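Pasting the structures here.
The two complexes that follow have chain A in common; it is paired with chain B in the first and with chain C in the second.
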Partner chain A sequence: MNRDGIFNFLSSIIVIIAGLLIGFIILLISDAGQAIPAFMTILTFGATSMRNVGDVLLLATPIILTGLSVAFAFRTGLFNIGASGQFTFGAFVAIYISIEFTFLPPPVRILTSILAAAVVGALWGAIPGMLKAYRNVHEVISCIMTNYVAMFFVNFMIISFIFDQGRGTSQALPSDSNLPSAGLGYIFREPFGAAYRSSHVNIGIIIAILIAILVYIILEKTTFGYELKACGFNKSAAKYAGINENRNIITSMMFCGALAGIGGALNYMNGTGLSMSIIDSLATEGFTGISVAFLGLNHPIGIIFSGILVSYLYLGGARMQVFGFSIELVEIVISVIIYFCAFVFLVKSFLGKTLRGQGKKESSKEGGEA
Partner chain B sequence: MNMFYFIAQHTMVFMIPLMIVALGGLFAEKSGVVNIALEGKMIMGAFTGILFISTFQDRLSGQPILILGLFVALSTGVLVSLFHAYAAINLKANQIISGISINMFAPAFAVYVSRLITGTQNVHFSNQFRIESVPVFGDIPILGPLLFQNTYITTYLGFIILAVSAFVLFKTKFGLRLRACGEHPQAADSVGVSVVKMRYSGVLISGALAGLGGVIYTIPITTVFSGTVSGYGFLALAVLIFGGWRPGRILFAAFFFGLMQTVASSYAAIDFLRELEIPAHFYRMSPFIATLIVLAFTSKNTMAPKAVGQPYDKGGR
Partner chain C sequence: MYIIEMRNITKEFPGIIANDDITLQLKRNEIHALLGENGAGKSTLMSVLFGLYKPEKGRIFKNDEEVNITGPGDANLLGIGMVHQHFKLVHNFTVLENIVLGVETTKSGILQMKEAREKVLALSKRYGFDIDIDKEVRHISVGMQQRVEILKMLYRDNEILIFDEPTAVLTPQEIEALMKTMKNMAAEGKSILFITHKLDEIMQVADRCSVLRKGRMIGTVDVASTSKEELSEMMVGRKVALSLDKEEARVGETILKVRNLCQQGTKYGSGKNKLKDISFDVKAGEILCIAGIEGNGQTDLVYALTGLEGIDSGEIFMEGNSITKAKIRQRTESGIAHIPEDRHKHGLVLNYSLAYNTILQTYYTSAFQKNGFLRRPTIMEHAKNLINRFDIRSGQGEETITRSMSGGNQQKIILAREIDRDPKLLIAVQPTRGLDVGAIEYIHKQLLAQRDSGKAVLLISLELEEVMNVSDRILVMYEGEIVADVDPKQVTFQELGLYMSGAKRDEVVVV
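Up next, the complex of A and B:
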């Protein structure tokens, strides 16, 4: 790892620690007696058994993808707040195909679900892209609007086509529509106990990691990625160099949409029996994706780790409820972390100065001895 | 005719908070700071304001407690804005990121604290603030039912804020300096205007108005606050853009959205709309789709302040 990479890594760690500290202070203020065990739960629960580690990976799968979606946009000069809507659309289409297309053999059906989710996500992402390219509408605003439209529209579609009256949610997926465990269930399970309960972690996390690597290759090693990044750096310069910036904006948003859409598919095909509720709130995975992206410093490989970290905190936070604290604490911690991400550059330049300063001293010493 | 008054009165309920919050956004953006955190500031303002009203409504009643609640909300908005301002102005951070962190913090914080206090995520309060008919004015034909019946004092507060904002921004020295910082901060700095001070003022005023807007939005439509203002902060941002960063046009933009929301929320009470039998979800989508369409036709020549979103760098002079 080069020096810049080390700085990035260190500043992320500092930011995370700062966020956790504030979370701890809030716990102390709320209930000092329970604060320490609750806080230790957040910090350690995700690692207390192999099954929990598996659950962390399971939870990380969708947010790695929404994180990649946000980061890809950011690297190409766009702000994809629309990951939530793209995720919702992808999820709906994947669930619909899983339930209705039972004439397809399971492997084909699963693949179709994921691909269709990607396509629909891409199409939904294209709307803010086109509005930005041709009508000069800021993508943040149009993404916010498309998120709400997606939420209401998908609610309508679920009620019309795949509604489960009893549960008030979308129908359950047939069991052969779930993503295969790919042997991960044997690794991530409770070591003791009669049930040998395994985590539902499945091939989804492997798909997510592969996609992260693919995004890395596209961004760093291809002309296509270079052109997209060039537009992000300087639109006018890119145009001068003969890059079609309008087309790039749309392509980039479509790619982001596809990533978020796949996230939606993998999230609901994970075998936990998760189904879509008819509620008037936006899919949180899209917004968690923003935190994941910034924590991972918008680097595809960084996002694999930040996605796992964030889901680790969520799992511990959910467990912390036994001490009488609500899971919103985790969201507070993450929001504080994002706020401190705004300081990352400050931390980085501070680190840079101090470390470089030391380096100079050392080298001058060496020079002196020689 | 009754239906006409019904729609007008409801439109007011939706339009006033949108207008106030959009005006808040206007102050921030005119000073050069993007304020995507309006939603979060509304939630924080609504939360503390409603919590205050809910706690003290046994001891106080009627309009005085509403006014006190508004002050609480306003102060909260200012407090939250300090964080946004510090990151955006002093640290030259990405303004959208710090805004998003506030938007994420606010609902989580509101629900977390509600759970600690009430055991659930809801804060209940009783709405005792509706004015059946304003004395004297309420009896004026046509105008009376339109503006002075089934109303809240906040409606008039909204119009006062509109007038004062327009005056402050375009007729005072302060307003000129504030706008200069949003258009060309280097030039403002070169003639001795403190860009930092001006931008702080802009962001803090916007926080105050967003906090106010949170309470004003919540009171007429519900008696339970549960940590959300249903995307109104974002709609206000759209109103600001649609309004071309000008107070007069913001009034019309807010009216347009208020009308859309009225249709979306009460179409069942409007005969000819109910008979169309369009599913409720489509009505609820309509304000957002309308926003997209309107933006598509109004954004080509943007009237945004030139330096909005850019941290001020003295070296760039």
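Up next, the complex of A and C:
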């Protein structure tokens, strides 16, 4: 591994450890007696059985996609904080089609759901893209606003069209609308016990991994990626080269929106019976995506691993409830750990500065001499 | 006895030794020039003296007493002052406020400016600085801003004055005034260290000159007993042609025709026109140079020609076809090549590899892509070819990340890319800025080769030396207008200076 690679790896490890440490301190403060076993649960629970491993992959699926969405934007010079809204819209459309389009045979319906989620996510992503390209509105601001619009609008749409009065959520998906397990259920299950309980892990994780590879190919091998990255690294040089930056901003945001939208579809078609609640809070998957993207250093393949790692911590964290920690506290601890991951670039630049910073200083100094 | 003596200074950075056992002795009342190419270690050495870097080895003495300088504060207490190349001024403060900043006199927390005002006025008068000390710094010229920096040092009673490339931004007249000021200050008892790579200035003003090369001290010579040729040889390590051999231009067809170009400068509230009714032609086989002091509309003109910015009125033709409304890519395809002023901003994607930077405007052509996929082997082959032809040096060949390369080699990538596209018009904006003598020589030769192969070359330069040496025809820009159209063989430096500073102007009529 070259020096840069070592820096990357080290900084990812450091932020995770730092996050875990702070999480542990919070546990200590709230209940010192149970802190150690609870903490050990975070660290080990995801690996204690094949079923749990399967659940880790299941949980990783949507956040790998939102992570890719954020990372793709980042590589092209944009900050897609709107993954949450794109995710929500994608999820709604996928659920709607799954419930209402029962005249389609299941495989076609599933595929249609996913593709429609991508299209709607792309359209939703295009809005901040166009505002940025033509009106110079910063995408962070417009993304934040479109997130709320998406949330309230989707709430309204659920209540209007696919509401389940009894549960106060969207209706359950027909069972043949769920993503096929593709044999993964046989691998990831409890080895003992009467029911041989399987994880709900399904083809979604495979789709997510394939999409990550696709994103990698687009970014690294195509002229489209060449243009987008040129814009991301240096907008002025891209302009100089005759690249249409406005069009690139919009296509990039649409692509990001499609990724997050697919994430939404895969999340709710996973067979766990998950349905969309009518709540006034943004989908957290979009923001977890930021941490996943950063922890994976915005590299598509890195994001597969960071997504799995983050979901591993989530699963173990949620398990802490058995030690008497309230769900709110559990959320705090997990959030601290996950959001600490977003500091990875800070740590990386700090490492860079302390270990080789002086050389850099020198070169900029000499560069200024005319 | 030396007022400052730096003994055996060694300063290392990871991978390079910036200063290798350097000893520099500054006499009282002398003007001591520090000469060297980019990266020779001049700035590092001065940063050590100014307390910005701590050397690994070596000691510093003032009047034979060892001193320990850990920061600019220490340097100031020892009477060491520095005029940085990029001025350190607060733009919306007045001249006076800038001068006292950091050493204000106060009485129970209230500023006492009266004494300061008198002292500054006295200093300004003594050195003949014609400066309005109540004007805000953003409203005064670059030359005046430099005087503010000098007054800052004088106000603090610094006796050792470091000037880092002070003439880079000045007109010939301003340079002359600065030289006079430096001589006056030396006569008044100040000792001056003067970083430069302009040999003329050294000959004119310095008493002694120390030459650095690749972090080593090559030697210190008395300026009276040396020559420009000797100094340049010491600096570069080989003989350098100070003037170019060039043949007569064989001028052909008109390639670029510009008529009545106007652009309003309202964007940043200056209210002035950035470009006022600009008309000129560039013909095949000639190097037309646009001279002028920085900020007189040259950048705007280039942006207008290359399409980076729009224009309000006027027309631009390439070989008779209007490109007034053409997009950047269309202009590039019409045969315009552009070596941009700011190579880091426009010219290169620094995070891309050398190879990827060589296809910046051509990545979409069938030569480099197929069905939307980059043809990597071809791209690498193409880059290797350019590396050989243009002698581009880098750590890892075509895979080198451009950011890690030296300025001269980065510039060579751009030059190679633009020339390789076989353009009809080459627009080169300050192509030698920040480069060392060897690289400058190389780039000048390439520009001439382009001219001789029948290309039209439009050179925008701030360096008078370059303007006079390279061009076949000179236009001078002043406040957005063309004020002179002259032949370099029939014009003097002084005359150009007058045009550049707006003191003289001709009616330039283009049919």
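In this text, the second predicted complex is superposed on the first by the 322 of 370 C-alpha atoms of A that agree within 3 Å, B and C clash if a C-alpha of one lies under 4 Å from a C-alpha of the other, contacts with A are read in each partner's own complex, and residues count from 1 in each chain.
To be clear about the criterion, a residue touches a chain if its C-beta (ideal position, glycine included) is under 8 Å from a C-beta of that chain, and two chains touch if they have at least 3 such contacts.
Computed from a prediction, not measured in an experiment: that's the story for all the values here.
Q: Could you say whether A:K221 touches chain B, chain C, both of them, or neither, answering first, second, both or neither?
A: second
Q: Looking at chain A, which partner touches more of its residues: chain C or chain B?
A: Chain A has more residues touched by B than by the other partner.
Q: When the two structures are overlaid on chain A, which partner does A:A230 contact: first (chain B), second (chain C), both, or neither?
A: In the superposition, A:A230 contacts chain C only.
Q: Taking the superposition on A as described, I'd like to know which of chain B and chain C A:S30 touches: first, second, both or neither.
A: It touches chain B, and chain C stays clear.
Q: Check the residue A:V149 against both partner chains and state whether it touches chain B (first), chain C (second), both, or neither.
A: first
Q: By the touch definition at the top of the document, which applies to A:Y240: first (chain B), second (chain C), both, or neither?
A: Once the two structures are laid over each other on A, A:Y240 reaches chain C alone.
Q: Just to be sure I follow: which residues of chain A are touched by chain B in one complex and then by chain C in the other one?
A: No residue of chain A touches both chain B and chain C.
Q: What part of chain A is in contact with chain B in the complex they form?
A: 26, 30, 79, 81, 127, 131, 135-138, 140-142, 144-146, 148-149, 152-153, 155-156, 159, 280-281, 287, 290-291, 294, 326, 328-329, 331-332, 334-336, 338-339, 341-343, 345-346
Q: Quick one: in the complex, what on chain B touches chain A?
A: Residue list for chain B touching chain A: 36, 83, 87, 91-94, 96-98, 100-102, 104-105, 107-109, 111-112, 115-116, 121, 228, 230-231, 234, 237-238, 241, 279, 281-282, 284-285, 288-289, 291-292, 295-297, 299-300, 302.
Q: Tell me, which parts of chain A touch chain C in their complex?
A: Against chain C, the touching part of chain A is residues 221-224, 226-227, 229-230, 233-234, 236-243, 356, 358-359, 361-362, 365-370.
Q: Touching chain A in the complex: which residues of chain C?
A: 13-16, 18, 38-39, 42-44, 47, 85-86, 164-165, 168, 195, 306, 308, 327-332, 338, 340, 345-352, 356, 360-361, 363-364, 369, 372-374, 376, 407, 433-434
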